[in-house]
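All chains are identified by letter, namely A, B, C and D, in their written order; residue positions are counted from 1 within each chain.
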Amino acid sequence: MSYIHFPVIAVMTLFMGAFLTVVLGRHSKGVRSFIALAASCVSFALIAMLVKPVMIDGEIISYWMGNWAPMSGYAIGIGYEVDQLGLFFALLVVTTILLSAVYSIRYIEKDSSQDFYYVLFLMLSGSVLGLVMTGDVFNMFIMIEIMTFTAVGLTAFRNTSFGAVEAGFKYLVIGSIGSSFTLFGIAVLYGQCHTLNMAQLSAMLYGNHSPATLMAFALMFTGLAVKSYIVPFHTPAADAYTTAPSSISMVFSGMVNKAGVYGMIRLVYIIFRTVDMPSVQTLIVLFGTVTMFIGVTMALAQHDFKRLLAFHSISQIGYVITAAGLCTSLGLSAGLFHAMNHTLFKGLLFLCAGAVLRSTGTTNLDQLGGLSKRMPKTTLCFLVGAFSISGLPPFNGFASKWLVYQAAYEKAVTTGNIFYAFVTVTAVVVSVMTLASFIKVTQAAFFGQLPARLADVEEAPGLMLLPMYIMSLLCVGTGIFYDKVYQYLLDPAVRAAFTVSNYIDRMMGDGYAEAAGVEDVFASNPHFSYWNPVIWLALFVIVFCAAYICVVTSKGSRGQILSDEGGAEDGKYATFFSGEKALPSHVAGSDLFWGFKTDWKGYFRVMEGLHSGIVNDYALYVVAAAAFVVVFTFAFLR
Amino acid sequence: MNFSLIGALQILFKILIFPGLLFVVVIGLFLAGIDRKLVARMQKRVGPPLRQPWFDFLKLLGKETIVPHAANKAVYLAAPVIGFTGLVVMALFIPVFGYSTFSGNGDLIVLLYLLTIPAVALIIGGSASGSPYAGIGISREMVTMMSYELPLIIILLSVARKVGGSALCFSLGQIVNWQASNGCLAFHPALIPAMLAMLLVIPAEVGTQPFDVAEAETEICEGPLIEYSGAPLAVFKLNTAMKMFIMTALFTNLFFGGVSTASLIGAGIPAIALDAVIMVLICIVVTFLSMSLIHAITARFKIEHLFKFYWTVVAGLAALSLVLVWFGL
Amino acid sequence: MLKNAIAKSMMRSPWIYHINTGSCNGCDIELVAVLTPRYDAERFGFKLAGTPRHADIVVISGPVTSQSKDRLIRTLAQVPEPKCVVTLGSCPQSGNVFKGSYSVEAPVENFVHVDVAIAGCTVKPEAVIAGLYKAAEILEKKREAMNK
Amino acid sequence: MILPFLREASKNLFSKPSTEAFPAAPAPAKPNYRGRISYDPEKCVNCGMCKKVCSPAAITTEIEEVEGGQKITYHFDLTSCTFCGTCQDFCDEKAIVLTDDYLMVAENKEDLIVSGSRIKPVVKGKLTCDTANCIYCGLCARNCPEEAITVDRATKSWTVDHDKCIQCGKCISKCPKKVLSFAEPAPEGVIFGEGCVYCGICAKKCPVSAITVDRATKSWTIDRDTCIKCGQCVKNCPKKALSMGPIEE
């Protein structure tokens, strides 16, 4: 069987899974889980098999639905085109789906109406997978619509809580506005170019912008930005990620907002190729920088585990957008790498939050504490995730953030634009604040004192731990062997984004691009020479072992290590309370970072006012931002 | 990499003796002793002997290590060692002027992130001890970290811009080489504000008074270190001393990188030894200016004032430098 | 060799933790005076520690009021071995003028072992230095005993 | 200036530290420092005033019957003392002195107890009261350091516990009607002998001011009732003109 059918089969498997769940899985839990697992395994396997031909051999798969190939230079049928960029995101999607499906088996076992869960889950998965592989703008819109509405359903899945329904409503309103912008943009585009095929659009629009296409660009840009939840469109994301089941929060942050990011990259790099313009770069980087800063500062103020993670998702997407908006090969690699890492570590963190929620029944950081004694494996996974997202070496977050800084500063020094220098500074500061808010979670939920209420909490079951372990390993692995990741995943994807003519030619036939006057931009190889995590890690392990043996384990001249196994409440092993009898006293999340919060009081007050929770306000932000993008486009794009 | 016996021994020598573990530990404790002596002298006291940090370290090794009931034992005991390891590894990345363990290494951003490892180790260790005082301590430590990270990155970017011009230059080795031919960065007027800012960043990074809000022993009982005793505490104290050397060495490389003697007497072991001596001397001066002097003449900050101070005064100085450098001064 | 070095260092770097068990503050300020430039106990490596976990020498002042007795015992239990207990002034040893009060548990020796007693009301800083030095010597002996 | 101590600090750096060399060099205490108690049992007359005025009850006595008298031991517990100096002030005999020795450091509590003992020969008879003239004012009882005397005005009773009595004579000196005395054996007292130069030292040394010396008229008088027969005058007489012995009324 030829692999060119694989993308379509992968998408269809997921949709068929949804259908079969309705037909066969209504009454049997086993069948439901099996269908979901089987469908995600099959699509994972199919996409994974594409790595060799696409990523390594550099082939681009094009596939015309019903064999409706282009006629006399016009693409009429729906085309699927899987280039390296699309496959890169498709890999993220299928990995997320598979792990989430495994996690869901135990995670939602106590919920009612699980058949709806799996139906929506599989449809969501199928739509996102379709979105990143399609070559047709309108098909992309359809997928976005399916994605939005299934996401709304999943957000409100646990509809016993008021918040879930409210979040679903907000998601619905903002998502619909975003979809409408996209649709409007597509309509304008179709009216102008009489085609919906991306490759053909790209060829027609290359260096050939009219006011109508600029309008279309602005609207589509806004619509996709809404889907990637960058500020100021982030408002429904915070609620949705918080109230959705954690397996779904992971899917949301792992692939749903990546779909938006993918759409934006496709839009500015391939379809319109506007990213070469400094003004577009400024626009995207501005959006990205504001997003990462507001996301992280809002996260610092949260005291709900999942809500905090939600705001971090927003902040990390800011990094991705910023890096991708730099329009350098280093920048795009950094952005894609960070997108991938974000899928891994944020998925891991959401799964940890889910494990905590399942075991303790709450994600409120003020009510948790000391879980590391009861849930050591979850704690370990959480620490890996937290260090990854905070960018501590040698985890993957460090590698990608390091590339982001390098890219941003390279842009700054080569263009001489001090704006990008301050973008770099902001990125570093945001990274430190990310660390701060994860220290907050670490202290509030996993370390500190165990409240009596949580004294007999149980560790998450093995089936939930398995995806967490896999993701932890991936976080460490991609951090250490980042050069391999670059070589096999990032570099082909970046090259695909910069060589537009390949994309067009493969879809529309050889020579089409040349005829339309499309020129490829030379993408230089990024250089990273100074940081070799393998050497570093080897060193670290050697010195760590030596020091650990000397300090902790050796007997002899040193004083003994005494630890209390019996668990006496008082005496030598009690916590020091200035002489008082040790009381259950836990420094919870909202008690931390007092000095910082005091100094930023005014800022937080403004932010609190802006995040009013009223959906009318949020809709207004979307429309206002759309207006800004339109005005910006007409004022500066040339 | 050549895995011959001599090569392996050389690498081992570099890691364990010079410029790795032993060198950093010895010089770090030496600088800590000098700092204590100088502070005492400025306060009109005799002060402890220069060997005092050694005594403290050895004594703590000989004490019992109590793991409190509320602590997570594994993390609690591993945290100081992780911090120590991070510092030793970092020391390998900081060249002694022209001489570095891994040739061409020393990316500034990597250093910036490696520097957070000891602080994170302290925070995680304190957090794992389960004490509420430690909770307050780690909160302050983290705010301190947020405070100094902003000026530090601006300083590093200014230096990178000055040295690299319109090319990306984050290599410490390259910065040192540039200074060898163009004169020390300390004598370039545009970078003088950055240098002052760096002098103020060092004490916060190391955690000496008046920026030791995290370990304020009189208010929150040593903060994150409250439950530590014995060998792990000894390692934490050692970490502080090593950080002193690493930060001052980083400063020396950034702003006085051009005083290497290799060009005068020719590269070789004598030059490296002489360079090391010069470096330690500069480190002593920097220790005096940035840590001892400020310690002796000021009282401890409040945490919110510390944050404000770093984000306005120090970051302002650094940003001034960045702007000056950017527009070609 | 390391054992000997550690034992020697025990004496050269004793860290003090001070517990006030209802003292009038007289002895407390004298203890602080020991750290001032005039007396400068840091010459001998003395340092005030912020928590009992770091302490080698615990200095007790005050007549041990009933309220502070439990706290004193608890805090002393949290000090890692080898440790030394030094009483400052007359109060902990006897209750001084508060002797016989319903709220004073006076002789501290009834419930903790005291290594060195420094008399005086208040103690003179020189006496504190001498007393702490003696305690440091006892520490070294205790450590040597642990070596065997 | 923003950093007010900058100048101070840099000046100190190059000047001599103000730290005292103690313990390498001795550090004498300031004048009038009240340190370790020194007790001279030879001077003590066992009046017990010190014990009575001591607020933390740091002074204790121990009486032991030995051959030829009583062995009286005074313990001064320095771990209990507040070093107020009241005992010194109240000691008429200057047997208690608070020295300037402040190094009161010990591993054993016993090392911080100053003790002294003397053997007091039994020279006096038992205390008696001429109840015929007694007015039962109770001054004797109030001044007794050992609380050996009990006076009840209502029932007109005067009793003495001879076991407690240390024969200090305070009660006799305080009695307004002079009805108290050590009855037997024959009263002992200071005998005025040859060679007196009327220097007046005896009068000054007398703790109860019983002796009056007038140089002008060359008169030496002693108030036998006041005299407590402590022998200070005899001890201090430069001419050895005074002696103790039985006296005739």
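Following the convention adopted for this analysis, a residue touches a chain if its C-beta (ideal position, glycine included) is under 8 Å from a C-beta of that chain, and two chains touch if they have at least 3 such contacts.
Bear in mind that the values here come from a model prediction, so they are computed numbers and not experimental data.
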Chain at the geometric heart of the assembly (C-alpha centres): B
Identity of the chain that, by mean CA position, is farthest from subunit C: A
Gap in Å, rounded to a whole number, between the CA centres of subunit C and subunit B: 35
Between subunit A and subunit D, centroid-to-centroid distance (C-alpha), Å: 92
Centre-to-centre distance between subunit C and subunit A (centres being mean Cα positions), rounded to whole Å: 58
Shared-contact residues (touching 2 or more other chains) in subunit C: 2, 6, 37, 40, 43, 51, 53, 78, 80-81, 146
Residues within subunit A bordering two or more other chains: 557, 559, 572, 574, 576, 578
Overlap residues in subunit D, where contacts from two or more other chains coincide: 17-19
Category of the chain touch graph - line, ring, star, complete, other: other
Contacting chain pairs - touch in the sense defined above: A-B, A-C, B-C, B-D, C-D
Contact footprint of subunit B on subunit C as seen in their complex: 2, 5-10, 12-14, 37, 40, 42-45, 48-51, 53-54, 56, 78, 80-82, 143, 146
Touching residues on subunit A, where the partner in the complex is subunit C: 556-557, 559, 570-572, 574, 576, 578-581
Residues of subunit A that touch subunit B when the two form their complex: 370, 372-373, 376, 379, 383, 387, 390-393, 398, 402, 405-406, 409-410, 413-414, 416, 418, 421, 424-425, 428-429, 432-433, 435-436, 439-440, 442-443, 447-450, 529-532, 535-536, 539-540, 542-544, 547-548, 551-552, 557-564, 567-569, 572-578, 582, 585-587, 591-596, 598-599
Residue numbers on subunit D that touch subunit B, as the complex places them: 3-6, 8-10, 12-13, 15, 17-19
Of subunit C, residues touching subunit A in the complex: 2-3, 6, 19, 51-53, 68, 70-72, 74-75, 77-78, 80-81, 146-147
